[in-house]
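Each chain gets a letter, A, B, C and D, in the order it is written, and its residues are counted from 1.
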Amino acid sequence: MKIAFLGLGTMGLPMAANLVNAGYAVRGWNRSPAPAAKLATLGAQIAATPDEAADDADVLISMLADDAATRAAVLDAGALAVLKPGAIHVNMATVSVALAEELAARHRVQGVGYVAAPVLGRVNVAEAGQLNILAAGEARALAAVQPLFDVLGQKTWHMGERPEQANAAKLTVNFMIASAIGTMGEAVALAQGHGVDKAGFLQLVTSTVFAAPVYKGYGQAIADERFEPAGFKLSLGLKDVRLALEAAEQVHVPLPLASALRDTHIESLAHGEGHLDWAALSRSSARRAGQA
Amino acid sequence: MKIAFLGLGTMGLPMAANLVNAGYAVRGWNRSPAPAAKLATLGAQIAATPDEAADDADVLISMLADDAATRAAVLDAGALAVLKPGAIHVNMATVSVALAEELAARHRVQGVGYVAAPVLGRVNVAEAGQLNILAAGEARALAAVQPLFDVLGQKTWHMGERPEQANAAKLTVNFMIASAIGTMGEAVALAQGHGVDKAGFLQLVTSTVFAAPVYKGYGQAIADERFEPAGFKLSLGLKDVRLALEAAEQVHVPLPLASALRDTHIESLAHGEGHLDWAALSRSSARRAGQA
Amino acid sequence: MKIAFLGLGTMGLPMAANLVNAGYAVRGWNRSPAPAAKLATLGAQIAATPDEAADDADVLISMLADDAATRAAVLDAGALAVLKPGAIHVNMATVSVALAEELAARHRVQGVGYVAAPVLGRVNVAEAGQLNILAAGEARALAAVQPLFDVLGQKTWHMGERPEQANAAKLTVNFMIASAIGTMGEAVALAQGHGVDKAGFLQLVTSTVFAAPVYKGYGQAIADERFEPAGFKLSLGLKDVRLALEAAEQVHVPLPLASALRDTHIESLAHGEGHLDWAALSRSSARRAGQA
Amino acid sequence: MKIAFLGLGTMGLPMAANLVNAGYAVRGWNRSPAPAAKLATLGAQIAATPDEAADDADVLISMLADDAATRAAVLDAGALAVLKPGAIHVNMATVSVALAEELAARHRVQGVGYVAAPVLGRVNVAEAGQLNILAAGEARALAAVQPLFDVLGQKTWHMGERPEQANAAKLTVNFMIASAIGTMGEAVALAQGHGVDKAGFLQLVTSTVFAAPVYKGYGQAIADERFEPAGFKLSLGLKDVRLALEAAEQVHVPLPLASALRDTHIESLAHGEGHLDWAALSRSSARRAGQA
């Protein structure tokens, strides 16, 4: 099975590396050359362009930054165009539902399978091959790429037969994370308004009823007011909340909490905080209360 | 140390029982007589009125339903009035910040200590003596009642020297729980709007990034659409969100997420769902999307 | 017909004066003596206490600052207690629905009529006897005091048979005014974000689709950034939005726009702007956008 | 001066007719032929395609339904491509700020002027030549087309030198209208919750503090529950609120009221009410309160 891998960023590189290490023949491409060079040291082939990478591949995996980067590599640069009938494209990036639908249609026309498989987990989880993979697409295509998922992740969660369902699910998860962060931001503003120690309060909640990874991680950053370097940029959080709202509007689902969160993100950007870690969303809650 | 215990409801009774079993002399009172009779079988004394219970007590513990019930027993029925100087009142109920401030002032005038110590944990946790206790008050008073907290809970979290700080913290936690439930409600509406299976999606998130007790518990109820019997009534959730908003307004802290959640609770009440479990909040999100 | 008039503030004084000038025997009371002295120069009697004013009155009119002032004069200071059976109390202040209900019940017990009649219009309108009066109460009581309304206002609008209905209506109007101001605040922030001149934009909208008094007045203040002296204080606007939300919660009506407006008011207070004119609400919208 | 006019819908047809009647040489185009036939009876030329209409025109006026229709006619169908250097395109439709920016750039490249001039006013106002025109663009281009604006409208309001500023202003106005409607919806739900007559309440407010065209018109529709035929469809209202939110996000302006309104519109669509008049937005407020 020949694998093409587009996008060797912080997530893509360790994922591709795991596939190489598992014995797969991988031909990688990245817009900037440095990460590709690293992958080459493990024994992967390197392509100069997306279509060169995709040429003759059985499976094309893409893990690109956003809709625009995906569109540029897969459509404009011709990676899809060169895929042979029966090949499968596995898009593991967090893209919009609308793009997923468009891509699914285009692949269908060309006789190429299309699987959406966005992931949960940060870089260290990707390195360990312990991602949680949200996958959707036709059953046969899903079955065909499951061995690859077994290399990349600890578990594959099937979200449906239409690829965009996995993207809808991923965006929903990210909205939930935004809500957890935004809620901690408001909670801390309220607690501090009454003179309750921020760190002590967060220690309490993240040790008890909210003892979950997302609360612990972002809660610690809020307690420490440590927003750089960004693990996940606030501006990317806004993008995902926006995509969740768009996905919801498409199927007529009102999301008042997501709407309020979108406003808070925009307020953060208005104050030059888009480059900070997502946890910095809490600053807007503090600012509104005159605490910052 | 003689202990008076006002309020032997689903939480108060096991808490009082644990104190009796730990060897403390407890005189209990409850508005309706049945729970008091149960406590008597363990060896506790029973009082016919709040002031009879409080008479000559070293520590008065109250665990009453809300502000009104607390006011009725402690102020109107004279429990505070009969407390001797140097006694300590430990109010473990979830009451408003405003009432906590008023009670603190009244106790001070009378030379009686006042400690606020609301708890985290449901009935089974109370029975096991494993509550998390959020305590605030003067250091000496807190130290004096710590042995009782050691019987009732697994850990005591100090929230400050002013009693109302513990109530502010407790209300903040309950707002966070409301937000978690409300967020799951919107998330499920979005996922379902795209045909993603509700139960599968909730299984995913509560097994991974949201693997916390509050998400697992309420998530299961949402997945199963099982809202009766109510573990914690939606109408009580509204009361706590309202108290959190009042506590926030008092110190000029805007809480847009809490405001949106309050609206959702009210919508649930408008549809006759106030008696259902808090998880039923998700129904309003579904209804708005035309899914219910 | 002997009239007692409680509350001779900026609104109450010209209203009472109009009644004196129309030939009614008026006995006035005010917490601070200066306004009462002014009324006396027109020929009114002055009382030292609310109950002295109300003694032997056929109609008691109250126009006090808020719930607390009303409660203090009418209940605590005994104005209601001295009213004779068959007398009518006309409460023209903007008070809560809850207080209106409580007062209606207490008056009923005492055999005294109770009419709620809050007004629309500022001081100059009160002086001109051109107020719009929102009245509710029993038909007979309304008919009995209509001649007084004819002196005070240009038109009486009947809102129902239960007095609190007039208060609900008045609070609803004030919520609508808050929404108009808050909407202009957001609109101006958006227009300015694109470099559109604030004053020019407001001139456009208040000359065309929004050519209404409330838009013109507050729009001018926003265009000029002239928030002092306050025609109506922002902090009082918050009070009325809060009372509208409470009135709505009582009958299970969610008001997401009112909730968002409440948050904006609180944010203004957090930045020390509660004493400014209601139009200063626009500052919070500008601040969120990093424009202020 | 030869004028090409693209889009002869309910608004475009009377506008084009007024230009013909004022003596201008107009060549019209419409996607469906019937309206063009009507225009022809007045003496206008009719073109079969957008580029045929635009060929050799001095001024191209477009009044198309939305971004997509504008893009299709002006870009895809080649109307812009055939314009001669020095010609001016006046886009009077309500389109997105993003499209305005893109079109301005494309016209600049081609040496063609681009003026954005969306309008306020319904069909009867267009027929009477009494529109309010919000215009933005380079001063010279604005001056050149002012004689046309004098035919079409009662007043031209300059919003800036960048065309998109007029679109931002128009979308801001439409957000304000949405807010007025949404506010009336919540107000009526609150008033009705207390048994206050809906029609009476709306009569009161639209005769006094909200005596403005937009309140009177939509208020009457709400009072009568008359939502068909739609003067302006609710689904188009959602589009404009969305475009306002996008325009705001672009310049980092949070709009919580607009966000809440967007949710209410989506809820209306979820209940199959998108084809109704914008005033039907009030139904969602009633539904949330269990009144519908």
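Everything that follows uses one rule, which is that a residue touches a chain if its C-beta (ideal position, glycine included) is under 8 Å from a C-beta of that chain, and two chains touch if they have at least 3 such contacts.
Note that this is a predicted model, so its numbers are computed, not measured.
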item	value
Steps needed, at minimum, to go from chain A to chain C via contacts	1
Far-end chain from chain B, centres as C-alpha averages	D
Separation of chain B from chain D, taking each centre as the mean of its C-alpha atoms, in whole Å	53
Inter-chain centre distance, chain B versus chain C - centres from mean C-alpha coordinates, in Å	38
Chain B, residues touching no fewer than two other chains	248, 252-256, 259-260, 263-264, 267, 270, 288-290
Partner chain B, residues of chain D touching it in the complex	256, 263, 267, 270-272, 288-290
Of chain D, residues touching chain C in the complex	97, 120, 132, 134, 157-160, 162, 164-165, 168-169, 171-173, 175-177, 179-180, 182-184, 186-187, 189-191, 193-197, 200-201, 204-205, 208-215, 244, 247-248, 250-261, 263-264, 285, 288-291
Chain C to chain B touching residues, read off their complex	242, 248-249, 252-256, 259-260, 262-264, 266-267, 269-270
